[in-house]
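There are two complexes below, and they share chain A, which is joined by chain B in the first and by chain C in the second.
Now for the complex of A and B:
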């Protein structure tokens, strides 16, 4: 016995570094237990409050752990924290908080049960945190599944609606294919490099393993495909519009933002760290993927009349921009991607919050018509939506502009100047659908006298939420306003975000 | 020497508009107009303070904005933008006044967008950093998109979407070009977008050429020049008068200003390389605009097409790559702004008095009943057709001198444009003022608002006609230094050709 203990050393665990993860997992278990109690107060106030508290605590601890420079193992050989992981975790927590707020009055919570709903949400966030900090391929896959499975359930949250069930099932099937592909790719990478550890892989590639090794390249291709499913990079994006449309909108917004951030966090780590020496091999291929994604995403969004579908396609296009930052494999590219992810969070959360507010009161649901004349009826919602659309289109004085500027600068500096032009052309196409949203909100006919909107009180209609009053959903409006304010703020004063991002840039020591 | 903080000049309108949003509309309106008048005051002080023959930038503001990207917050004034800033400041006051008095639908929002537009335009003129210029250049589109789309007439949503997409396609290409310029010229060193730094750095000829095309796309659409003018007709029809005034008089100048400020000094080899192409475009614009202006029934469209011709003149001057030509071009930018603004106000006044739709058919016979209107119209008409004694005469003659200097053919065709301008301007004047009055025309003298909007600008036109040296003396140094690199490059390629022969 004594001998065994000496041979098999328990991994060193840094509990302080692990604390945020404890907080989200613990919170997840806690809300599950609390949710067992019936009663309006527990279901509608206590459970969300505990979930929000767990996220806030995790956030606080993440800030306390923040330290620029090299990575520090928290579970040796499995999980580490570096600034990239911490930065991405912050984005997950922020999105999580926004999702909690956006779900407060959503009827999906009642259908699933508040406890289960929040527990799944926190579970998915824990998975993302694990994914962002993964140090080897096994942990990577564990995190990947931990984030995916709760989301399969959540996107089928409206258990009595065929649409939502279809979304859940579709997501499950496509997601499983993606996971399987990823797993296969990881296995081949292990076969090629002889290690599951990222650092060891990085050392092996170009040293003991040639960058043209067929096993390695097949592994890279399959891993990239698996991640592309999750990040909805074309041509692996087909599930995105359907799932986004069918899922409950707060979950859609969470998937659109947090899942994409998680997918790019791990893509950055895998490609720009573990596989960075093979950049000459995968760079052109990913650049081609990015181009296809930008074109398909933007073209697909044009024909949409549902806002959720439109944002899904726009998310595909944005994934293409983000991928461009990965392609160059430089520190500048890493920073630009991280910056754009943060900008992407604010822009999309603002847009989804407005969609949620309007779909609850409008007979058009999430159709673009639900926003008609919002500029008159409810400027407090119309402005955030306007800012979000302008930012997504890349107008200056928004974080979206700075983000795109940064990305283009990174790709040009990384000898991919043509990819910069592709980004720009994509933005041009995107104007068509982003501007249509703005035109619907502000440029309706003046002649028509509108009833005051939103109506003070709307009776519960079959299947509609009873609190169909935008003034009665201040938390949704405030999420929209805060996110839009952040979009503008970081568009004019980007330095605070830049400081964080330049810390992130130090995560991978080997990058130029 | 005064201390003028350009940041205050640039952001004063926006700040006032944000403050006004919190106040009742009646008070807020005057606050915004007051702030714009304040900017005008600043502009006049700058002109008075600016000594003729000054070289280099004055009132420089230079701070870090995004140091990670090499972007600086750099503002400055020299001979090149001094009068364009003044033009902006001058024309925004009557336009906003007009809008504040006439627009009853969501007035606060209208004022906010007007103020944002002025801030963006002033920023674009003052910017001494390429990235900052791009920011303001693109930002400019946002308020105009809303102004046309919300307060326009006719098919306004279609018009504004077209306007935005056309101009933003150009702007986004320029964004890519600007970043490429900054990164590639650094050659691995510190990335900088400052004009002063970029002018010192050199780029390979091939790189210069594709970057030139990206910039030209933005500036030619903005101007607009033939064949990039697809947005013009819809926009000029739909845009509300006060917005059209600044759009046509000022915003179109930002594009051609970009050629002088950015393209010639930073991409001299490419400018020389594309010189003939640009001249051909300029000459085509002159002919195309003039001919179409002659056949339009809507007065707004007459001015729209005449603007295309005028901007063709300006580009002709710039790409003659001579001191005289570029100086004339700069003079003509100011002149065109000064005459177009009262023209649109006058057309609005005429339309209000016309029987039905605002076409020449429905106007006429106004001169006897409304002599002040007729007199002002005549002054502006003469200035537009470059009658000797008008500032436009000085501008056009300088441009033609510049063109004749080396590119005789283009100059000769350009002269045709001057002749045609007389034809279409006199036509619109006669048909609206002298013909027999149409059945429903209500000839009436200008109201006080109309007079307040038109008279001061017309007075400036007359004053500049009398004393064009005010502009010429202060701009000469700046235009000469900006043209010099391209001039050298053109000279070098010419001598290569003659050697080859």
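Now for the complex of A and C:
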């Protein structure tokens, strides 16, 4: 025993850096326990309040930890803390808070049980935080699964509805294929570089391992495929529309935003840090993936009549834009991707909040028809949706425009000018389906041509007129309005966000 | 014996698993094939760990075993949920979501 104690040294743990993670995991356990108490107050008010509190505390501690510069270890060789991880964590917490608000009145919370629902949500957020700070393949894989497994359960949240179960099983199978592929890729990378540690990998590549080593390249390809599944990058995106449609809408909005941010956080760290010396090898491959994703995503969205499916395809296209920022492997690309992820969060949360508000009162469910004449019926919901659609399409004076501009600047500076052209062409195509939504909301008297869709029977919430929905669901409307306001604010005054992402750019010392 | 043969074997197992996921119709068999894919990764990790002479791969493989168990539990839970709803346990008939 004594000999063992001498050989095994406990790792150094920086508890201050680890504090946000304690807050989300502790919050997850706390809501699970509190949720055991029956009673309206506990289920409807206390559990969401504790979950929101845990997220706010984590946010505060993340801000306290903010410090630009190279990454510092929290748990030696497993988790690191740097501005990239902290910035992404902030995005997860903001999305988490929005999701808590959006699910307050959702029936899925009652079906799953408020405690379990919030515990799973906070568990997924913890997984994302681990993933964003992973310094090691093992931590990466654990974070990846900790984020995925709660989401599989939440997608199947309507346990009594066939389409939700189908979405859950599809997500599980496709997600697990992604994880298995990622794992095999990581195993090959380990075999090639001789270490599971990112820093040691970065040192080994180009030094003891040639960048053209077949084992290394196969590993990179498989790991990229695994991450592409999670980020819904084409051609690994087929699950996205189905799962987004079948999952409960608050969970869809969480998956659409937070999962994508997490997937890109880890892609940035793996490619721009651990594998940055092999950029010549993986750059063109990722550029090809980005092109395919932009084209397929935008083409797929045109034919959709369900808003959730349309936003899913649009999310595929947006993943293509984001991937373009990873391709170049420069500090500018890193900053542009981080900026666009923040903009993407605000645009999508605003859009999904409006979808949730309308879906609850409309007989059309999440069909585009549910938005008909929304401009007159409740402008407080129509404006956020309009802003979100314009921002997703990249209109000036929105954060979406600045984000795309920044991405294009990064790809042009990184000698991928043609990829910039692909982004512009993709945005042009995307106007077709984004503007259709705006037309349906505001041009009530004119017939807007919509893709035909099978009749579906959705029971509207009884006793509520669409006119009253903004007032009847104040939390959903305020999430929509806040997110849309942030989209406009960062479109007109982007400098606060610029300052943050320029700190993020300093995370990886080796990048130019 | 050369450890590279173990890596080749793991590659074969991975491909068998991937092919099974794509062609099998029963979700239960699909879950089995997913396990094959994950365990192919484990075999590769352990083979490399032996080849390189460090323990990191073995620790990784142990953690993967735990994670894989969690995934299967969720998968089986959903399948039981479908069975209770008397939905067809057949991947080809899961086409409620499309468009």
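To be clear about the criterion, the second predicted complex is superposed on the first by the 487 of 512 C-alpha atoms of A that agree within 3 Å, B and C clash if a C-alpha of one lies under 4 Å from a C-alpha of the other, contacts with A are read in each partner's own complex, and residues count from 1 in each chain.
The rule we apply is simple: a residue touches a chain if its C-beta (ideal position, glycine included) is under 8 Å from a C-beta of that chain, and two chains touch if they have at least 3 such contacts.
From a predicted model like this one, the values you see are computed outputs, not experimental measurements.
Colleague: Once chain A of both complexes is superposed, is A:195 in touch with chain B (first), chain C (second), both, or neither?
Modeller: second
Colleague: Tell me which partner A:485 touches in the superposition: chain B (first), chain C (second), both or neither.
Modeller: neither
Colleague: Could you say whether A:420 touches chain B, chain C, both of them, or neither, answering first, second, both or neither?
Modeller: After superposition on chain A, A:420 lies in contact with chain B alone.
Colleague: A:163 contacts which: chain B (first), chain C (second), both, neither?
Modeller: Once the two structures are laid over each other on A, A:163 reaches chain C alone.
Colleague: Taking the superposition on A as described, I'd like to know which of chain B and chain C A:390 touches: first, second, both or neither.
Modeller: first
Colleague: Going by the touch definition up top, name the partner, chain B or chain C, that contacts more of chain A.
Modeller: The partner with more contacted residues on chain A is C.
Colleague: Taking the superposition on A as described, I'd like to know which of chain B and chain C A:177 touches: first, second, both or neither.
Modeller: After superposing on A, A:177 lies in contact with chain C but is clear of chain B.
Colleague: Overlap of the chain B and chain C footprints on chain A, residue-wise?
Modeller: Touching chain B in the first complex and chain C in the second, no residue of chain A appears in both lists.
Colleague: Going by the contact rule at the top, pick out the chain A residues touching chain C in the complex.
Modeller: Touch residues, chain A against chain C: 137-138, 141-142, 145, 149, 152-153, 156, 159-160, 162-163, 165-170, 172-173, 176-177, 179-181, 183-184, 186-188, 190-191, 194-197, 241-243, 245-246, 304-306, 309, 453-454.
Colleague: Considering only the defined contacts, which chain C positions touch chain A in the complex?
Modeller: 7, 10, 14, 17-18, 21, 27, 30-31, 34, 37-38, 40-41, 44-45, 47-48, 51-52, 54, 56-57, 59-60, 63-64, 67, 70-71, 74-75, 77-79, 81-82, 85, 87, 94, 96-99
Colleague: In their shared complex, at which residues does chain A touch chain B?
Modeller: Spelled out, the residues of chain A in touch with chain B are 335, 376, 390, 394-397, 401-402, 404-406, 408-409, 412-413, 417, 420-421, 423-425, 427-428, 431-432, 435, 438-439, 442-443, 446, 494-495, 498, 501-502.
Colleague: Which stretch or stretches of chain B touch chain A in the complex?
Modeller: Checking each residue of chain B against chain A gives 66-69, 105-106, 131, 134-136, 138-139, 141-142, 145-146, 149-150, 156-157, 160-161, 164-165, 168-169, 172-173, 175-176, 179-180, 182-184, 191.
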